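For clarity, chains are labelled A, B, C, D and E in written order, and residue numbers in each chain start from 1.
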Amino acid sequence: MKRARRPLDFGALLGLPLAIGVVLSAHVLEGGSARSLWQPAAAMIVFGGTIGAVLVSYPFVIVKRTLLSVWRTFGEVHETPEKIVAQLIEYSHRARRKGTVALENDVDRITDPFLRGALMLAVDGAQAETARQVLDVDHVAQKEAGEVAAEVLETAAGYTPTLGILGAVLGLIHVMGSLSEPSKLGPGIAVAFVATVYGVGAANLALLPLATKLRGHARREALRREIIIEGIVALQQGLNPRLIEQKLHGYLTPTRIDAGRRAA
Amino acid sequence: MKRARRPLDFGALLGLPLAIGVVLSAHVLEGGSARSLWQPAAAMIVFGGTIGAVLVSYPFVIVKRTLLSVWRTFGEVHETPEKIVAQLIEYSHRARRKGTVALENDVDRITDPFLRGALMLAVDGAQAETARQVLDVDHVAQKEAGEVAAEVLETAAGYTPTLGILGAVLGLIHVMGSLSEPSKLGPGIAVAFVATVYGVGAANLALLPLATKLRGHARREALRREIIIEGIVALQQGLNPRLIEQKLHGYLTPTRIDAGRRAA
Amino acid sequence: MKRARRPLDFGALLGLPLAIGVVLSAHVLEGGSARSLWQPAAAMIVFGGTIGAVLVSYPFVIVKRTLLSVWRTFGEVHETPEKIVAQLIEYSHRARRKGTVALENDVDRITDPFLRGALMLAVDGAQAETARQVLDVDHVAQKEAGEVAAEVLETAAGYTPTLGILGAVLGLIHVMGSLSEPSKLGPGIAVAFVATVYGVGAANLALLPLATKLRGHARREALRREIIIEGIVALQQGLNPRLIEQKLHGYLTPTRIDAGRRAA
Amino acid sequence: MKRARRPLDFGALLGLPLAIGVVLSAHVLEGGSARSLWQPAAAMIVFGGTIGAVLVSYPFVIVKRTLLSVWRTFGEVHETPEKIVAQLIEYSHRARRKGTVALENDVDRITDPFLRGALMLAVDGAQAETARQVLDVDHVAQKEAGEVAAEVLETAAGYTPTLGILGAVLGLIHVMGSLSEPSKLGPGIAVAFVATVYGVGAANLALLPLATKLRGHARREALRREIIIEGIVALQQGLNPRLIEQKLHGYLTPTRIDAGRRAA
Amino acid sequence: MKRARRPLDFGALLGLPLAIGVVLSAHVLEGGSARSLWQPAAAMIVFGGTIGAVLVSYPFVIVKRTLLSVWRTFGEVHETPEKIVAQLIEYSHRARRKGTVALENDVDRITDPFLRGALMLAVDGAQAETARQVLDVDHVAQKEAGEVAAEVLETAAGYTPTLGILGAVLGLIHVMGSLSEPSKLGPGIAVAFVATVYGVGAANLALLPLATKLRGHARREALRREIIIEGIVALQQGLNPRLIEQKLHGYLTPTRIDAGRRAA
């Protein structure tokens, strides 16, 4: 597959700064100062509170892995389904001619751990059914892990807006002492509202979009692993490479090929 | 099936301008100026923010395809289930008399890619079970794609109202400096509220209705593909055209026929 | 079954005016004028906007059918499960003695289209398995149609309160020009709030209750059709009327009989 | 089972007055008068409106039965799983020695209709499979009925808070005429807010807790019926009482025994 | 497994005080006094009301057990999947050489009741299928219990924010008498808002995070029990220890091992 066919996922690279930048620009354009949106106390309540609540909600290992997953969805580009299918078909031809042992050298060159593990099972001569079982257990576990990462961000996105309201209410409580002095009241209320901006903004411009992104990424990775499992099992069953090709192309109908491309 | 039986889907053509027009007219009727509802900063926050958030949430290819799907639901008119059933029955009669090869010329005249693909499988003499498997994989993939399109709009509809509130709060923060000058305060608050109008309006008058429309469209297309699969598989099994007719008419009970008509 | 056993469904007949009347009376009782709740602009925004949004969401045919379903749940009284069971048992006795052909005259006297269709299948001598398949397809299609009707109302009930808020915000934008004149401000805000009353009232006093009613109705109709399918299939299998009776009475356990009665 | 082991379900008896009392006391403690919370118009809107909406939503029979279910969860104390298991084991021993007919006298002494019905089936010599089918139909119907009761309360709890807001908005519309007279405005707003107190209070201090209670009750009753079905079917299969004992004790693992106890 | 590999779950120990402390500090930092956040009446409404509502919702035994579960998730550290697998493999080797009776002494040294129960079944010579059934019933019951505990906290978290609003509205009703005296109005509103702080804070900084934590804990415990069941059943089937090892390692793929570690 040629590189040119992979549209650049600039959504992932530009969307986040775009979303936040556009909101800030609009505020400044209207005559507001960007400075007025910087309130450390509000940030402490919304972000500190959210971090605390997330640390109670999930073991530290899971939180760390979620941050890693977010980081990876921006950079890491896995093979498209098309390329995986092509590779599996090539392996099946080679295995036909020279036996699965001939694939031993390929194992070291593969960077994707799931494909490498699957091929190693084939090279070691594992039974088709055993290979499927072993790979399925890992597939399901990885799928769960991907969904947990999205879940963590959604949980956090559930805390931030309400903590934003909490911050606003705390600010209003503070301001209520100057109810009779409109000159102090105005700025006080403005400060209180900043917490709401943080909470609603963090949830809708960052956390929820990233959670949706992670969920989509996990789905595409799962599709890729399914293809690998089908291919390796078929290879172990000694199926005719032609038949394997026909079988795996089912995953590459126009729609799926498309879906694969965007996995880039 | 005669064209006259297809009621014009004027909901799709008139609903959107109606919904937005009626709200604007009511505002003007009440003495408000339509001009006062045009606030570029608010539009930037609500629409710019939503676009950014959606681009982070989904790969660019999916966003593009969603826009295409929205465009298509207004214009593209697929065959009704009735017509599909009639066509499949005709094919089965012809295949009975002259063999499936006799359908070869029909393939080129079909514009619907799914029906064409299915018929090509029949002409090529694919086994009934293989045909079903190949078509099922494509059917499921297309169904998922249709649901993803609706999901993208619903996700966007989740961002706009909260970004509308974000815009209003930012506007209120800006306005709080003039709390002691009611003559400035009023217009300031009015401007701030426009963001809410944008957010709530975009979600409820456009995004959510379109998402519901896409979901319904995807369901009807899925029904049409199911009928095609059943028909082609029955044809490949060499069933009696009479039996095929009886089988496919199950999809055309009064209720379903009705549902089909509106698919126009 | 005697008519006297069917409690009058006065909820359906009195609930709607009661709900709306009680709210209006309370408002007047408090010294508010009913006239102040009549604001054409607010009505245009909430009801016009909702109609537009619903027309975009669903094909016109479905919207029309939903209104028909609402109308019917108030008037149309179907047979209770008890009566259906009694009738099916009678049919099975007659079919035992004189053959299913003897039921031919009954077909014309039946007003319920599903029961008539089922009996016609029996009279035509359809195989038990074929009869079940044909009836099941129709049963499922009707069940889906019933659920779609409830779904349309729920979708509308999702639009009205938010459009009520939209109307209120538009009203407040309009009113903000008179922030320094409390004598004008008050009535202006009052007018703006009427949109909220329309939106919240329409959703909670009409649309959502009617959606729940339709869903319950659809469930009871589905139970009735299930009984008919079981009865006709048993009859076609030539089961002993005694056995059919025992089988169908399973649907008439104390709880279910009760549930049947209220279907009146 | 000794009575002393059944902890008094004082939650059911004290929780409701506690929840409402504590809120009222706090209001009075703060210097508010309990009298100020009594507003007939607000009560009409919130409770009258909810009653109307519920009567539209559900047939009258179901509403009546829901009220009965609420009443019963406070008073009616069913046998715990432990006691049921003990009783079933005793029956199986007796049936072993003297035949199921020997259980005839027990039937009259049983107050629980489900157990009595099940035992009658055994005494009548119904086949194990038939007994299971008949009892299952009833079991499922009762479970549905229990869930419908909880659903009715949840539906009502969905109406009250929004009708509370409706009442508040209506009150504010009324009050807006006196916007320039703070001396009248204050009490007017206070009155308007009482509707919100009614709506939020009724949903959160009564309706939702009772719905949760009904759902839990329905689950425990379902467990009890499952045990009875397993026991009676095993008895009809003529299993060794020892084996029946072993089988039924599966339902009494530490956790389940505990769950049973609290069913008291 | 060495202790050092178990990362300290400091989220559980630090998250809760962190979340609450950060919010309080921010308030004080802004110049608010911590004292102003102490309002007994508001606490009575929010916490008293929630306790009452929870006591109505669930039997007292379940509420007590939920509190115990919360307490335990902080302290109790169960064996990781890795260690459990190692132990089960060791048992299988020993059972192979000396028979399952040789495991009798181990039973007393096991503190985990589920593992002890499972091993006792093996020592008693229960059939593999019987052992699986008995253990499955207990496994499912414990899983349900774990989910109920999370559910109780979520139910409570549903009551607190709305009761916080109830408290605020009650406070505002009280304050409305002094609408014309800004000097009294401000502090009054401040007091009213404290109820909202309690409600939103309790739900988002404590109840919801703890519910999520309990749910995760229940999932990890379920995984551990599944491994034990698979291991003991395999042992009873007299499988080769090698095969048991291979089977159980399926649960320890990189991802799962990781998931296990954090169970510490």
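We adopt the following convention: a residue touches a chain if its C-beta (ideal position, glycine included) is under 8 Å from a C-beta of that chain, and two chains touch if they have at least 3 such contacts.
Because the structure is a prediction, the values reported are computed rather than measured.
The chains in contact with chain B as well as with chain E are A. Remark: rotation between chain B and chain D after Cα superposition is 145° (nearest 5). Separating the centre of chain D from that of chain E, both taken as means of CA atoms, is a distance of 26 Å. Once the centre of each chain is set as its mean CA position, chain A and chain D turn out to be 43 Å apart. For chain A, no residue reaches two or more other chains under the stated contact definition. Chain A meets chain E in the complex at residues 40-42, 44-45, 48-49, 51-63, 65, 113, 133-134, 137-138, 141-142, 144-145, 155, 158-159, 162-163, 165-167, 169-174, 176-180, 191. Within the complex formed with chain E, the residues of chain D that make contact are 7, 9-12, 14-16, 18-20, 22-23, 25-27, 29-32, 36-37, 161, 182-183, 185-187, 189-190, 193-194, 196-197, 200-201, 203-206, 208-210, 212-213, 216, 250-251, 253-256, 258-259, 261-263.
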